[in-house]
Amino acid sequence: MTSPSIPRVGIVAKRGLTAAVEHLVQLVAWLTTRGVSPVCEVDTHALGAGRLSCATASREDLPRVVDLIVVLGGDGTLLGMADRIGQAGCDIPILGVNFGNLGFLTEIRISEVYDSLEAVLAGTATFDHRLMLAAEAERKGRVFDSRIVLNDVVFTKTALSRMIELSVSVSGRFVTSVRADGLIIATATGSTAYNLAAGGPIVHPLVDAFVLTPIAPHTLTNRPVVIPGSCVVEVQPQLNGAPEDSFVTYDGQSGYPLQEGDVIRVQRASATLRLVKPPARGYFELLREKLKWNER
Amino acid sequence: MTSPSIPRVGIVAKRGLTAAVEHLVQLVAWLTTRGVSPVCEVDTHALGAGRLSCATASREDLPRVVDLIVVLGGDGTLLGMADRIGQAGCDIPILGVNFGNLGFLTEIRISEVYDSLEAVLAGTATFDHRLMLAAEAERKGRVFDSRIVLNDVVFTKTALSRMIELSVSVSGRFVTSVRADGLIIATATGSTAYNLAAGGPIVHPLVDAFVLTPIAPHTLTNRPVVIPGSCVVEVQPQLNGAPEDSFVTYDGQSGYPLQEGDVIRVQRASATLRLVKPPARGYFELLREKLKWNER
Amino acid sequence: MTSPSIPRVGIVAKRGLTAAVEHLVQLVAWLTTRGVSPVCEVDTHALGAGRLSCATASREDLPRVVDLIVVLGGDGTLLGMADRIGQAGCDIPILGVNFGNLGFLTEIRISEVYDSLEAVLAGTATFDHRLMLAAEAERKGRVFDSRIVLNDVVFTKTALSRMIELSVSVSGRFVTSVRADGLIIATATGSTAYNLAAGGPIVHPLVDAFVLTPIAPHTLTNRPVVIPGSCVVEVQPQLNGAPEDSFVTYDGQSGYPLQEGDVIRVQRASATLRLVKPPARGYFELLREKLKWNER
Amino acid sequence: MTSPSIPRVGIVAKRGLTAAVEHLVQLVAWLTTRGVSPVCEVDTHALGAGRLSCATASREDLPRVVDLIVVLGGDGTLLGMADRIGQAGCDIPILGVNFGNLGFLTEIRISEVYDSLEAVLAGTATFDHRLMLAAEAERKGRVFDSRIVLNDVVFTKTALSRMIELSVSVSGRFVTSVRADGLIIATATGSTAYNLAAGGPIVHPLVDAFVLTPIAPHTLTNRPVVIPGSCVVEVQPQLNGAPEDSFVTYDGQSGYPLQEGDVIRVQRASATLRLVKPPARGYFELLREKLKWNER
């Protein structure tokens, strides 16, 4: 029995998550029985220690050779795959499975995996379409790096510097010069991640907007600002003769120091990420559970 | 010289603003010279003490008999007129003039009034379209009050009660039961008013969204939530046997106590409010000036 | 076997707490067996419906006729007794017992009551000495009300007013004019109550200080200020022609409207409140448990 | 005319502050005329480019050879001298002079310098006594660094790490494990510096307490805690296999990475710092001016 629309399913587990091995073995077998070809990411295949009978692909190639990716692990692993999918320009959905703690992104419990997969194969699954940010870093007039992020682009100081200064403009209009520990440009999806710790608001995933949240700003009236999703944000570090003090990081996964004159341009990515929705859990239920709103 | 598109201009001044009288006299004369008929709101006409030669209309009727309203005074006066315009279902713009302190709504300085009016009459003015909220209050299955607000619908406790409890749902999905001093449902326009004092984010007027901000919530993880403009918010007070403890107020102008079982339903109003934009001041310049982001 | 130092023990239960009746019966019997005379507060005695064989006293008199008061219920009930003890000028300790949820004040679980009482009778119990605030309200040069509070003196607006303005001075020096929903003057003990909801800091009970925390201040740089315990705080409402807009409340239990010219003077009370410490739970363990710092 | 109690006055200017040169020349001449021996810090003397006729001393030696130190510049320069004075174990006061912007520490304006110096020489000046923190860093059971700070000891993450985890105990009792961007241990003096940006409270200099303020904590209920000045705080980084991720910095001036097992022990320093008070500006006036509480 084949599923023509989802002939191949990629599988990625969190690095070193040995607790996932039995589930990986079952998942590969289940998919094969269903006439779907499983493709394991290389490190995930190695984690299986020879017990996973399936094709393999690198993290970079995986989005190009499958029609759905199942991520087992935490939100970090899923963020990594979101970037690969965005970079590859592929429009394939992710089914995020958590081990233990419910994640904001890995919402599906291990016990719900097969029901969710059935729904995807049957074409009855529903998807959350999440906006992503496209970031371009320009140095001396040349773009030297570009990224797709699901959560946030973060500007941050080094451990020993006292603060950084960032000149921020939105769609060509100067906003302000932020003197702070840093600045977060978050998507709605990222609003419940680092943004929340820094005092930013929760933004519902269906709001077409981004949040600019300063981290520990020296000007106490600098507050989080929610801007339209159609805006282009440009951030220029003002190093004032202190090179290597300002860094940019993408989804908390990687980054690099900035130089005087660098411009980081951030805007809505043309692609969205599709997340398989869990059977019966809405956004507010997720917030209530993650933020413990019910407990007294 | 007549201006066919704006044949009549309404004029409303803040109650008791005697400093406005000279400006009112000049404004009435200027409009008349330009072939436009000025219509003064009744109290504003009385403020002129016989020096204003023009027709008059009540606050309620004014939106129906003019094509533009000039508001002289503070943001409160403008909020009052916004409600009248919304209630009347008229689509006429407001030109808000401040006396002294720049307002978030009354952005135009007295020195800029005639340039702004020229632009409106010439058809070259630009307008900010601001979303408004329509609120309906239902008791025992019957809608007993409805309002149009520009800034916010606020649920609040009385001075002597310790907190109120509010059951909140968004588009039919239960969100949480808020135990707090109160709850603000703010438009983007209202995000820089009471919402900001209560810890909510600034929301750019072009974002199609509302903010739900709890006031001094007992559950410390209850944080401001930005929701899509297409949502319907329903709030039900949980009085727990303490009648007259929960109030609802509209734009900080008026309100009343709620009873057990009351439902307040809040959603995007069908009409937007059009504000005449000042010649050369963008939204971020307004934020910088009002919030003193430039000062060190 | 008599306990000479604690011959009489007062007992107060939360109003209407029928779940406490069995415990009350046991407690009265246990105390009698131990040669200690139980004295029930009148309403508590009535709650027992004839099953409590012991003397009674009013809430006001109880502190004067016993040597220890056991409070069964929530923090609110304990706050009420703290005021009575302070007003009566008696130096008798409180043993606070919670039903269900651990309280910041009612720290002792029902299962720990008899061990705690044994320790008190044996003279081996340890006590927390908590600073209290003495508040005097002056109108037209005359003190018309005075209170002793354990948690806080709170200035607050009515439901329909937009904000209040309060002129604050500390030990004769003007601090600022607060324009806000209100102002909290909290003890260290009260710092984890309303103060925390309004954004104030946690203050360890051994710090000799009070906290001034504005509630939703319009001036965004108005922040909580911790002042020495030796200070005298004076607050004067600036009613600006809006009578009955500003209220003062004491420990969230009672209060009244203020008039133009009223002065509320708040300082450290001469007496402290002694709380029986639970067997083995320190302050930081209490914070961890109440604020869920351990959960991920 | 000699001043027997203040025979020698040290002078330190902010590095590279050429705007101070004329004032330095005048100050040296004025002191000499008054029979007081000026001693310039070496770099400050060099800044004078041969125009300062006086003895010199290194930053380290200066506190040992003078009876008062005049600091010209910003709060950073003064913080550096406070550490030297603390390290040298000398009890000599500082007179802090600002250039342009009023500082929280350099409160005296250039126009007020000679009146302030007169008062010091005449023995009529008043002093603020500020608590300082003594920090000891221990590795493998050996103290390898010790500091005296006036503002804060700060634990912070590197630019590319996502958060750090710090195990915190107070006077031998475990408080919590903080997962955050970092943690600030601030004096009352430091409460208006970095602590304020991170959301901590203002603490009046006469309160005998310190503040523990987490920076962007992941656990939203982790709030600033004010603890008694008599406490010993111990912080241990939990590196979880990520070496060089956690740093400690002192007064924002210098610092270093921490290793697994390191313990930083922070407590009240035995010495206090004496600051010459400006003629007629109290603490709350300083707050009002610095935080713009008067502006509307």
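Here the chain labels run A, B, C and D in written order, and each chain numbers its own residues starting at 1.
Methods note: a contact is a pair of C-beta atoms (placed from the backbone, for glycine too) under 8 Å apart; a residue touches a chain by one contact, two chains touch by 3 or more.
Quantities reported herein were computed from a predicted structural model and do not represent experimental measurements.
Trainee: Quick one: compare the interface residues of chain A with those of chain B and tell me same or different, with half as the dividing line.
Mentor: Chain A and chain B contact each other through largely matching residue numbers.
Trainee: Looking at CA centres, what chain is most distant from chain C?
Mentor: Relative to chain C, the chain with the farthest C-alpha centre is A.
Trainee: Just the number, please: Cα centre separation of chain B and chain D in whole Å.
Mentor: Roughly 47 Å separates the two chain centres.
Trainee: Based only on mean CA positions, could you tell me how far chain C sits from chain D in angstrom?
Mentor: 38
Trainee: How many angstrom between the C-alpha centroids of chain C and chain B?
Mentor: Each chain reduced to its C-alpha mean, chain B and chain C end up 41 Å apart.
Trainee: Which residue numbers or ranges of chain C touch two or more of the other chains?
Mentor: Correct list: 196, 220-221, 223, 291-292, 295-296.
Trainee: For a test of understanding, state which residues of chain C touch chain D in their complex under the given definition.
Mentor: It is residues 170, 173-176, 188, 191, 196, 200-204, 206-209, 211, 219, 221-228, 230-231, 282-285, 287-288, 291-296 of chain C that touch chain D.
Trainee: Considering the complex alone, what residue numbers of chain C touch chain B?
Mentor: 156-160, 162, 180-181, 194, 196-199, 215-218, 220, 247, 249, 252, 254-255, 257, 291
Trainee: Would you tell me which residues of chain B are touching chain D in their complex?
Mentor: Chain B residues touching chain D: 101, 220-221, 223, 292, 295-296.
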